[in-house]
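Okay, so subunit A shows up in both of these, paired with subunit B first and subunit C after.
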Partner chain A sequence: MYDFNALYEANTLQEALELKATYPHALLLAGGSDILIKLRDGKYTGCDLISIYTLDELRGVELLDDGTIVIKPLTSFTDVAQNPILLKYVPTLCEAVEQIGAPQVRNIGTIGGNICNGVTSADSATTLKAYDAMLVIESQKGKRILPYLEFNLGPGKVDLKEDEILTAITISKESYNATYGHYIKYAKRKAMDIATLGCSVNVTLSGDKSKIERLRIAFGVAAPIPVRGINTEKETQGHPVNAELLNLIRERVLDDVTPRDSWRASKEFRLHLIQELAVRATREAIIKGGGSIDD
Partner chain B sequence: MLSEPNQTKLTQKMPILTLEEMMSIVGRSLNRVDASDKVTGKAKYTGDLVTPNTLVAKVLHSTIANGVVKSFNLDEAWKVAGVVDIVTCFDVPDIAFPTAGHPWSTVEAYQDIADRKLLNTRVRLYGDDIAAVIAETEIAAQRALKKIEVTYEEYKPLLTIEEALANTEIPIHDEFPTNIVKSHKYEIGNFEEAIKAPNLIKVEGEYETPIVKHCHIEPAISFAYEEAGKIVVVSSTQIPHIVRRVCSQALGLPIGKIRIIKPYIGGGFGNRQDALTEPLNAYLTTRVRGRPVKLEYTREETFAFTRVRHAMHFKITSYLNREGDFVARSVKAYSNQGGYASHAHALVANAINAFRMMYPVGAIKGEAYTVYTNLATAGAMRAYGIPQISFALESHIDDIAKVTGLDPIAIRKRNMMKLGYVDPITTITCHSTGLEECIERGEKYLNYSEKREKYSKQSGAIRRGVGMSIFCYKSCVYPINLETSACRLVLNQDGSAQLQMGATEIGQGADTVFTMMAAETLGFTIDKIHLISRQDTDVTPYDSGAYGSRQTYVGGMSVKKTAEKFKAEILKFAGKLLKRDPWDLDIVENQVVRKNKKEPLISVADVAIEACYSLKESIHIAAEETHHCSDNTYAFGVCFVEIEVDIPLCQIKVVDIINVHDSGKIINLQTATGQVHGGMSMGLGYGLTEYLKFDPKTGRMLNDNLLDYKLMTAIDTPELHADFVMPYDPTGPYGNKALGEPPTIPVAPALRNALLNATGVAVNSNPLNPQKLFYAFKEANLI
Partner chain C sequence: MTKKSIKCRVNGVNREYFVDVRSSLMDLLRGPAGLDSIKHGCDVGECGACTVLINGRPFNSYIYLAVWAEGKEIVTLEGVTNPDGSLSDIQQAFVDEGAVQCGICTPGFIMASIPIINQETPSTREEIRRQISGNLCRCTGYQKIVDAIEKTQKKRIAEKKKG
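The block that comes next holds the complex of A and B.
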């Protein structure tokens, strides 16, 4: 049984924004796969809830004329994983969300919820960060657009004001065009698990596949929030595709991360995984991009 | 001379059949008798039976691991709407009681340790039961729990065996001033003399096993009410008759004033071979004038505050000659009991007994200690101490093979238990063994020896390895404990019969094999046996319940004995009707026939209807018998496994795995295979992923849920292979021996030995989880 105070159900986005303005402390309930667990644990006892689950206007994936991909936040992981637009242009995201929980959780859980609860282990977060996703955030006062890279403020804390709702996640054509990615979720089980470490890499190769034009790398559980490997990205730009590249990545990623010791895994083990996964994900991304690499 | 040609003729027509060959139902792969009800949702579990006006109880668990409750402030809690009663550790009867699901011993020295009360003032683990709230709703109970303020006197938590042995100023239980629950020693032959022999090789090793959890699907649950002057507790338990006795002890009431009802349950694996929520709940209903009270643990409470598997530490020393014969062996074992005794020392005692029995060669000595700590209370769990010793012993055998260069299978075959072995301490005798054939089949299936040789010479990041291990396991607890089982059969007017067992169905398939056994002995078809699955201690014949692997072995004997008596009663009445001698009659497929003939004389249905309604001599045909079991026998088995190790990722993938079992005659191949698969799954978790973690400062269990406790999922589980070698055991009711627990035993050591083969790295504790492998590989300079 869930010990909450009130549940408000929004029928339109407009209503949801009104409710959020009226009850600023209320929690937004999308799929509920995180909130209900915390409510059961007693963390939100007596809270108010605003359900936005029935808002189909916030559900689905679109391709705009300029090539921008728009992912609405209530799209379930199952729908993200099977979406033809995403499968064609950002398959890495589909592969990433397919590793969340189990089929039941993927049916109910939403991509917007996954990034708004702000945890470092979110499986969609690393890939969305690695593709420089932008977030559209609305309130009754208006709309703002924010790079997802600036959204996470700390563990479980995101840049979402009390009256605001995330209404879209976008990826520009420039970000995914001729770009190939790979995500590795390292967990202790193949299902029903959260990542011990997540690593998402995407590369844009030169025409002859011999050089890295752009490499983007993001990690989950390597820092208090999902992070990009900024130093690694800078140093690999223009680098020839060779074994030396992988060695460089193995060294440089350590400057980009700050994992911690926890009872789930030691810092030392996580650092080892960060290096190993960065190299493996890069190699896979390069192969997908038509390059070849030996180490 | 007429008889001679006749005899010849008989022999030609009907070759002499063995007991086994004469069986027509036992040995077949039949569907479970409860399959349809369970998959269609008709089967009722405790939670389904709770009546609508039932109150809800919640337990307040301590937030310290070691100390004393000084006082409560209940003022705010009482103000919560819907609260009916609040009970604290200062209110409950001042009676200490035992919880272990053992048959009661009438000899005081062998009685289980009575070391807890319904609610405890002296706190012995993080989460000890210190108070309870009864409320109209779950939410009201939860709200009230949060408002209870507790004042403690706090002591330092003693979380390891070393800490508990070193800190005895304030013992965890006053009655045990050294924190040692019990210790004992044995010696077979003269160890010190034996090791003086020349040219012996000495191998030593220390091995450690973790605390793990049963993870049955249904959490701990009961509901209790008063009716007809009795306290009735409906509970998810493996042991209704024992729980009845424990409740009577805990409340200080006569046993006849307690009634326990056990419906279908969602698994047990030994956790429910203990009184869990029942004694407290029996008391709580008396606090509210007998209104029904439900006490259902959450998954987290079930994890942390029911029972766990004992963590054990073993030091093994072996001396052997150049040929590989054991000359002397010793084991020293420490078992972490946690806060309360539960089954206590019985498990580690079982472990060091198996150490002796498995390789009963040369001088052998064992020494074991069970130590109280402020961790979760350990009790029974599938195979009762044997997965622990098997991990240590079977790892040790491969360590010996590595040191000596001898073949691991050869060492085992030279030294393992053989047919006719009589254990010098327990007198348990090896009445049948197919172990050698189990090893051969496993070896052949995996091509183990060839692969082991090949894989020992690898380099690179991804490597393969093969490993194996063997075990022996007792079929019941005789002569250490009482083994008794009763059964009742009642004839219906249509020639079918109710079969009522004290032995319990806990998901393992007991009801199905009992039905088959009864049908077999009676000459009935399966559909004529109506098994009453639910136990109700007011009406169900006595049996200690489902534990050990005793149900088919001991319960089976009571079915057989009762069915023989029942059949004799039917034939006695049939004889009168047919005017024939009953000894010349038999039943085949529900028809009364002459012995060794096929032509039906009268159907059992016709006999039954006449018996029931006869105006001359009606009789209600029934039989009830007790089997007092005074024998035991060993089951055996092996696991062979092939793994792939990704060294940089510190991950193990199981490529192929097989368990081959000698459990004597298999009663139902299909359900037996299911048992083996389930046991292997549990063994894989024990070997690779499962262990409970505790906060080193507070003693709080950290991974008390199915997300953080890495029970394997379906997708993590490799294809499981099961095979059986079936010697007909002369002591088993139908040639059968233990099977329920054994499949979980050999998997973890086989995995560990496969890792040794793949990498040369000997990891001496399970599970082989990634972080542990990371440090082991680092130390071995593999990463």
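The block that comes next holds the complex of A and C.
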């Protein structure tokens, strides 16, 4: 038996928004694989919950006429991993969420819950950041659209007001078109583990595959929140695809991150992982994009 | 304390339960439903001992509110056993391969293995290991569990081919 106070069950998004406006302090319960466990730990004892888990209108993936991919927030990791639209256009996201937990966790865990938790280790976060995902956030007062890059305010803190609900995650065609990505999760076990470090890279190559037109790189657990490697991205733009590119990345990524010591790994080991994973993920992304690269 | 009526299908039978909204699905199944194959393990979704199938997919029944079961199709180990009470192929394979020692993880492992043994194409041992990665066993060392699942999957695929 869970030790919460009231459970408000929303049957429609409209109802969920009303409930969130009426009970602003109530926690929004999506799949519950974080909140229910924290409840058991006594962290949220006596809290009120608004369950949105059964809202199928917030579940699924769509491709709009202009090529925008819309991922509804309650889509489970299993459904993200198997979705034909995502497998075709953003397979890196499918590969990333396949590395979360185990089948039971991927069946209950939702992509929206993963990013609204605001933890730096979220496996979907790095790839969504690397693809410049946009977030649609709604309240009874209206709708706003926010770049996911601006969503994380600090560890476990996101730009979601008390009456707001994340209702869609979108990726524009410009962001995924002719773009190839790779995600590496470094963890001690292959399953049921939290990333010691995560790195997601995607590249858009010139027509003859000799130059980087655009490189985007994001890290998890390399800073208090999932971060983009802005300095690295600027300096690699237009760079020839060669061994020098990898050396440049190895140097520049250190300016983009602020990892810390934790029981999982020391700061020094994380810095080493950041450099090594950035290079490996870049190399894989270039190969997927049809380019070739030697060390 | 708020109570609510929940209608769902459990092991092929339509049921209605009147539950405290704070119950987990495991509380409902082990309590009013009387299905004690489900084991209360780690409480945090790591050991898989509470695994049941919901609409055909494995879930940890402890990390699932009972009220979410409304309208769902739930299968526990009791629903895997043959109607006459005899062991089904996967249960017999666990016995034959020595995949059961203390037994507390076994119901969860068998539930996690159902989607694997129903696949149309054979899995590699690595794929089987990935699909049972949400279940922990401290006795067997997993080899014999993988053997039992692999054997049953092969047998079922062969039977399907025969028609």
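As a working rule, the second predicted complex is superposed on the first by the 294 of 295 C-alpha atoms of A that agree within 3 Å, B and C clash if a C-alpha of one lies under 4 Å from a C-alpha of the other, contacts with A are read in each partner's own complex, and residues count from 1 in each chain.
Here is the rule we use: a contact is a pair of C-beta atoms (placed from the backbone, for glycine too) under 8 Å apart; a residue touches a chain by one contact, two chains touch by 3 or more.
Predicted model only: the values in this text are computed from it and were never measured.
Q: Contacts for A:Tyr186 in the overlay, against subunit B (first) and subunit C (second): which applies, first, second, both or neither?
A: After superposition on chain A, A:Tyr186 lies in contact with subunit B alone.
Q: Tell me which partner A:Asp3 touches in the superposition: subunit B (first), subunit C (second), both or neither.
A: Both partners.
Q: Does the superposition put A:Leu153 against subunit B (first), subunit C (second), both, or neither?
A: neither
Q: In the superposed arrangement, which partner chain does A:Ile194 touch: subunit B (first), subunit C (second), both, or neither?
A: Only subunit B; A:Ile194 stays clear of subunit C.
Q: Considering only touches as defined above, state whether A:Ala178 meets subunit B (first), subunit C (second), both or neither.
A: A:Ala178 contacts neither subunit B nor subunit C.
Q: Tell me the contact category for A:Ala265 with respect to subunit B and subunit C: first, second, both or neither.
A: The answer is first: A:Ala265 touches subunit B but not subunit C.
Q: Please indicate which partner A:Pro103 is in contact with in the superposed arrangement: first for subunit B, second for subunit C, both, or neither.
A: In the superposition, A:Pro103 contacts subunit C only.
Q: So, does A:Gly42 touch the first partner subunit B, the second partner subunit C, both, or neither?
A: Only subunit B; A:Gly42 stays clear of subunit C.
Q: After superposition on the shared chain, which partner residues are touched by A:Ala243: those of subunit B (first), subunit C (second), both, or neither?
A: neither
Q: Taking the contacts subunit A makes with subunit B in one complex and with subunit C in the other, which residues are shared?
A: Residues 1, 3, 102, 190-192, which sit in both footprints.
Q: Spell out the part of subunit A that touches subunit C in their complex, as residue ranges.
A: The contact residues of subunit A facing subunit C are 1-4, 6-7, 9, 29, 32-33, 36-37, 40, 51, 53-54, 78, 101-105, 107-108, 190-192.
Q: Quick one: in the complex, what on subunit B touches subunit A?
A: 137-139, 142-143, 146, 648-650, 689, 693, 695, 702-703, 706-708, 710, 712-716, 769-771, 774-775, 783
Q: Going by the contact rule at the top, pick out the subunit A residues touching subunit B in the complex.
A: Listed in rising order, the residues are 1, 3, 42, 45, 102, 186, 188-194, 196, 263-266, 268-269, 272-273, 276.
Q: Could you please specify the touching residues of subunit C with respect to subunit A in the complex?
A: 2, 20-24, 27, 43-46, 48, 51, 54, 57-60, 63-65, 67-68, 70, 112, 115, 130-131, 133-135
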